[in-house]
Amino acid sequence: MKDVDDKFRKDTEKQVPLREELKPRKVTTPDGQEIDIDPLRDYFCDAKPKVHPKAYSKIVEDFYNWARSNSLWILGFGTGCGAIEMRPLMTPRFDAYRYGIQWRPTPRQANLLVISGYLSVKTLKRAIRAYEQMPSPKYVMGLGSCTINGGMYWDSYNTIKRLDDYLPVDMYVAGCMPRPEALLHGFMELKRVIREGKGEGANTYAENFDQYKVNQKAVIKDWDMPDYNW
Amino acid sequence: MRELLYRLKDRYHLGTPTFQRDDLTFVTVKRDELRAILTELRDVEGFTHLTFLTAVDWIEEGLFQLTYMINNREANQSLGLRVMLTREDEPGATTGDTIHDLWPTAATYQRELNEMFGINFPGSPRVDEEFILEGWTDLPPYRRDFDTLAYSQQTYRERPGRGRSDPKAHMQETLYPDYPKPREAAHAHKEEAK
Amino acid sequence: MFSFKPDRSQYPEPGPDGKLEIDLETGKYLKLWHGPNHPGITGNMSVELTVCGDEVVDGKTHVGYLHRGFEKLMERRTFIQVFPIVCRVCVPEPDFNEYCYAAAVEELADIDVPEMANWIRTLILEMGRFNSYMMAMGGISGALGLGVVGQWMTYTRDLMLDRFEELTGARIYHMFILPGGVRAHLPEGFEARMEEVLQTAEKYLADAEKLMFHSSVFKTRTKGVGYIDPALFERYGVTGPNARAGGVAKDVRKDSPYLVYDQLEFTVHTETESDIYARTLVRYKDLQETIQLIRQILRKMPKTGEVMSNLPNVLHWKIPRGETYIKGESSRGEYGYYLVTDGTGYPRRINVRGPSYTHAMALLEHLIPGTNISDVAALMVSLHTYPPEIER
Amino acid sequence: MSLRDVLSPFTAWKHVIDTPVTIQDPFNREAADRYRGFHQNDMDKCIGCGSCEEICQNDAIDMVPVEGQNAGPGDSGLRPMIDYGRCCWCALCVDVCMTGSLTMSNEYTWVDSDPDAFRFIPGVDGKSWDLEPKGYQREDTRRLTGTTRAPMGEMEPEARIGNFDEIVDGFTREQAVIEADRCVECGLCVATCPAHMDIPDYISKVRDGDYEGGLQILYETNPFSQACGRICTHKCETTCAAMHEGDAIAIRWLKRDITDNVPRERYFDLIQKPDVPETGQKIAVIGAGPAGLTTAYDLARKGHKVVVFEALDKPGGMMRYGIPEYRLPYDVLDHEISVIESMGVEIRCNMRVGHEISMQQLEKAYDAVVLSIGLHQGRSTRVPGSEKAEAAIDLLRRITAGEEVPVPEQVAVIGGGNVAMDIARSMARLQKVKYDKVGVTITALEELDRFLADAEEIKEAQEEGCVIYPARGPQEITLEGENVTGLRTWKVKAIFDDEGRFAPKYDEADEMVHPAQMVVEAIGQMSDISLLGAELTEKLEWNRGRIMIDADGQTSEAWLWAAGDVTSGPDVIHAVADGHRVARSVGKMLATKREKLQ
């Protein structure tokens, strides 16, 4: 392994210019009206996430948690290599559906985001948007070494090293990549955590929202979306 | 392959070829003759398949090497054409000659080279568009003077709690701590000498 | 038959350089992001579609979501340290990376590989091809709504992963082909268990044939769709099954045999239509051929022998200056590694030539205009591209 | 569109009656036998060499100190800690492991909501898979680092017996590269070397072909590198990581390879005296052996004036007068000493302290005196007739000095150490010249595998025709008038008593008489301390007949140090280490003295 070049300094000066289509401008509509648009403001809803309150009664909350734990709906977004072990889970051999786990095509229908391994900065941006679009209560599961401490891309310039800096993670599964059986173990463990009322990732995110945004913006240099979009 | 190179040698400046395998040869060509050679090889000699186009950064020699790997499918011969470009530090200052009109697929390679090495190919379609990276502001990452670990350390946080000991140093600390460390002794000598 | 012909009169004319000038603010066009989080995309990539009605006017491929900078990472690893990471370049068929890298290093470092290791390597590559084709078959059927074929194919692929696991010690990233040989011999009773898998595969494939190639739905949606003019093959660097579907009977295994392919008998299947149907059919036939090849290899391979040659101490292994290019026929086309060494203990440059690079970028962008939105997924899958090998 | 095309998809329905393929209990599904799962480490086998850490491309392995594992010979006391936030289960660490202690189980499930939990020391932090026998094991003998030592060329016994030419050829460049290439640079050997030479570093210089750089590294810790490259007892090779699954690296021969490959005149350019100011302080060293000259070398390089007093007519001490020429040629030694002299060390030969100059004079004239007189008096067995026996060390000295020594047809040697082998083999050479045949018998108390001599010395002695009788205790040197006729020995039953004291027991029934016209005693040496004079002997503190010194070699007198064999033993490299230690101590004292004066 080559030694690190101590003299190398990252370029912190240069800024990424805003893309042309995101700049505020005047537009003529098909029916001839002229309107001002500011894409970054107009196209998104801009409000901070809120902490999801607990039910008044413990019994009711326990019931909710039981119900939540038994309907883990996963967003079918294969962010990295681990996605390839999802297919055996979706299909009869490992059949995760029997445990109430299924894959959904859109974040609006999902409550579990599985980060399947490394996240490049480009995907991180999409993953954040996908996560924020998911309805609360929602959970994040990190697969493999890469989400824990960088994994084998520990020295890569383009992948994040610690997922928990950018998204609140409820469960990690070790492996590179984890086997479907290990994933199922992870889902079962996540269910247990949710049943115990400890699946508080979404609330953590809402509580420490500003810190998460600082971390996210530190690596996503072309941040061209509002801070919160759902 | 040798006959082909002999034929070309009359009209073009070729470097000494490397016959790597029976079906693979590398040869250096001059930049201003590249296009003519490529066209001739493609249209006359049957080297119709551009396998890949990539660059090698010879930073010590101040050169970028472009490797055009072309393949004659009928004869099963691959020929790697090397073109040496002067290496400019400023990304985009080094330019190559686009061949996207010979092979449209070269446009993709040229986009990548522009992004990853900072070698520009004026006239190549969408060559300035972001290809793989997004919002990249640093040196083109495949350049040798870009240190990926240093960049990573300065950008991302690692999980704390790691630390290592070198067996040699650890044994010295525990078994014979008073003994001067040989390397340090040498440095001490040198410094005294200064 | 119900048919819909869009009114093309309002489409923009391409400029002299072939570029479309699309003014989105006219309201005629819509930008549609097909991916990265989209059920109809293979892996983590995206196609930026500009549509008019449900016809696609323009498509741009966006990659980089999986970029890890392999070629950079390899430059700071020693030659043995590169070995574990090469397989990650392509997730569904990792073994080609291991083979190409190992062969490139062996060529430049002048290392001989034992005969037995070459046979096991060939076996591994064919098993990987089996897996990859299974994924492609499942993918194309899934993209056209034939979910059940996808289920069968994934199941059969998983059985093959079990064989991989007992042979190599891992399911997906096998890390088995070390420079100098392979890690281990076949386990006891491997042939019999492999035969079971192959028979299961054949059973399901026979059913899949009925559901795909004899299905009116499949035929209607694939025949004549996604046609690639064979004249474009060379210009766009089309190789492998995509080219064979257009009548180009080229296969690296036959043309310049590597490993032990010169001792094996197999047919290179071609079709002439060069559309989605033909490409799928070529893959299907090739998959059948692969099953026979695995049987043939297990029958012909020697039973004993060294699997690994002695390496110099890998902790400080230096390779003299040189460059080489090693290629092989992966399930998607020509796969190759370009390795440049400079006499130090680290590679100077490694370039991975993945077939998806040309297929999913320039070729796909060329094919997309004029297709229907609902066919884009099928078109992509039929080109059989894996994004990680595009951006590496 | 045919009817068949419409109907054929419905054939899928036949699978409705299939047995489901679903795995009923996916949670307890065992992975394949050679699955690369979580790591195991056998604490008894692990030596903490760090090769796993070195090869890990993910930087996933840290060598960390572990409670209960202490550093010691051949074990660094460190153990690998693996970060599963980095690991990719490639098993290169298992493949490279020098002892085979690191393995992998086929266990694969580890889920946790705490990301910091995925880090553990296999074998120390108890895990459920610690005893799992299944899992990845490397199939063959290790292929990632070499296991077989490069052959060393040496003269055939027939060719070498009739002369005193050097036996060993030294490595060729190819052999040296093969041998140096095997080193994994763990550095376990450095702790074992008494002088703590930087072995991995100079081996890497051999690999790179940078012999001049290698020589400079050698001279940082050892001014007797040429000698040590030939005759070192190489304790380092007993702790080499490579010895666990193959041959230890031939560290000694690689050192020799460096010294042989630098032209002799280049030594003086490469090893130069540092440009330090003269201190004006003077040190006297008594005895020009390895310890004394190392002390002199170190002190001279610090800017002190050093004078070495040597009783014999050439410097080198035991290296010249104890070790026969076929092991260490004299020209090598002469060159070695000339490098030391080039540091400004003055060597005065034929200056026997106590005769030509007294201790009192030295004390007055010099700031410090270092006593490194070695062990030049042979011990005697004191069996009947032993007054007629020769002392090995005495004979060796006479052979070196070129004096005439009696060479009878048959010689019996008592002793099983290196000195015994040296004298036996020297006598064998002289016999060969004189009679064209060898008649040397070696007897020792120990069994052959317990001999103190190096194994290769014993082997070579036997090859040259010396006959070894192990486990035989000398009883009498038989005489016929004034002439020795033989050596009578008994079979040894035990050397030590139950409490471990030296008290040999013999089987009197098993008696042998080894006919010999000369019996040589080589059972150990002592130093001749008569040079100290009665007054000083009285003043000094003693410990069982040896001068008492502190950890730095200083005696109870503030101006007097003792180094080398006279205080510790038993070989050149120990003497060098001792010389360094004494030089540091002397240097410290001199510095304090200088400060006081200013």
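Note that the chains take the letters A, B, C and D in the order they are written out, and that residue 1 is the start of every chain.
Definition applied: a residue touches a chain if its C-beta (ideal position, glycine included) is under 8 Å from a C-beta of that chain, and two chains touch if they have at least 3 such contacts.
Here the structure is a predicted model, which means the values were calculated and not measured.
A.B. asks: Which chains are shared contacts of chain A and chain D?
C.D. replies: B, C
A.B. asks: Between A-B and C-D, which chain pair is linked by the larger number of C-beta contacts?
C.D. replies: Looking at contacts between chains, C-D has the larger number.
A.B. asks: Report the chain ID whose CA centroid sits closest to the centroid of the full protein CA set.
C.D. replies: Given all protein C-alpha atoms shown, the central chain works out to be B.
A.B. asks: Farthest chain from chain B, comparing Cα centres?
C.D. replies: The chain farthest from chain B, judged by C-alpha centres, is D.
A.B. asks: What whole-Å value do you get for the distance between chain A and chain B if each is reduced to the mean of its CA atoms?
C.D. replies: Computed value for the inter-centroid distance: 35 Å.
A.B. asks: So what's the Cα centroid distance for chain C and chain D, whole Å?
C.D. replies: 57
A.B. asks: Please report how many Å separate the Cα centroid of chain A from that of chain C, as a whole number.
C.D. replies: So the centroids are 29 Å from each other.
A.B. asks: Give, as an integer number of Å, the spacing between the C-alpha centres of chain C and chain B.
C.D. replies: From the centre of chain B to the centre of chain C is 25 Å.
A.B. asks: Quick check: what residues of chain D touch more than one other chain, meaning two or more?
C.D. replies: 21, 31, 57-58, 83, 85, 88-89, 115
A.B. asks: So which bits of chain B are touching at least two other chains?
C.D. replies: As it turns out, chain B has residues touching two or more other chains at 133-134, 141, 146, 148-149, 159.
A.B. asks: What positions in chain C touch 2 or more of the other chains?
C.D. replies: In chain C, the residues touching two or more other chains are 64, 67, 69, 72-73, 75-78, 81, 84-85, 155, 173.
A.B. asks: What topology does the chain touch graph have (line, ring, star, complete, other)?
C.D. replies: Topology of the interface graph: complete, with all chain pairs in contact.
A.B. asks: Chain D touches which residues of chain A in the complex?
C.D. replies: Those in contact with chain D are residues 1, 92-95, 98, 142, 145, 147-152, 154-155, 162-164, 169-176, 178-182, 184-186, 188-189, 193, 198.
A.B. asks: Quick check: in the complex, which residue numbers of chain C touch chain A?
C.D. replies: Contacts found on chain C: 25-27, 36-39, 43-44, 64-69, 72-73, 75-78, 81, 84-85, 88, 91-92, 138, 150-151, 154-155, 158, 161, 171-173, 346, 388.
A.B. asks: Given the complex with chain C, which residues does chain A contribute to the contact?
C.D. replies: 1-2, 27-30, 75-81, 83-85, 87-88, 90-94, 105-107, 118, 120, 122-123, 126, 130, 152-153, 155-159, 176-177, 179
A.B. asks: Mind listing the chain A positions that touch chain B in their complex?
C.D. replies: Answer in residue numbers: 2, 4-6, 8-11, 14-16, 121-122, 125, 148-150, 154-158, 160-162, 165, 218-222.
A.B. asks: Where on chain B is chain D touching in the complex?
C.D. replies: 159, 161-168, 170-172, 174-176, 179-180, 182-183, 185-186, 189, 192-193
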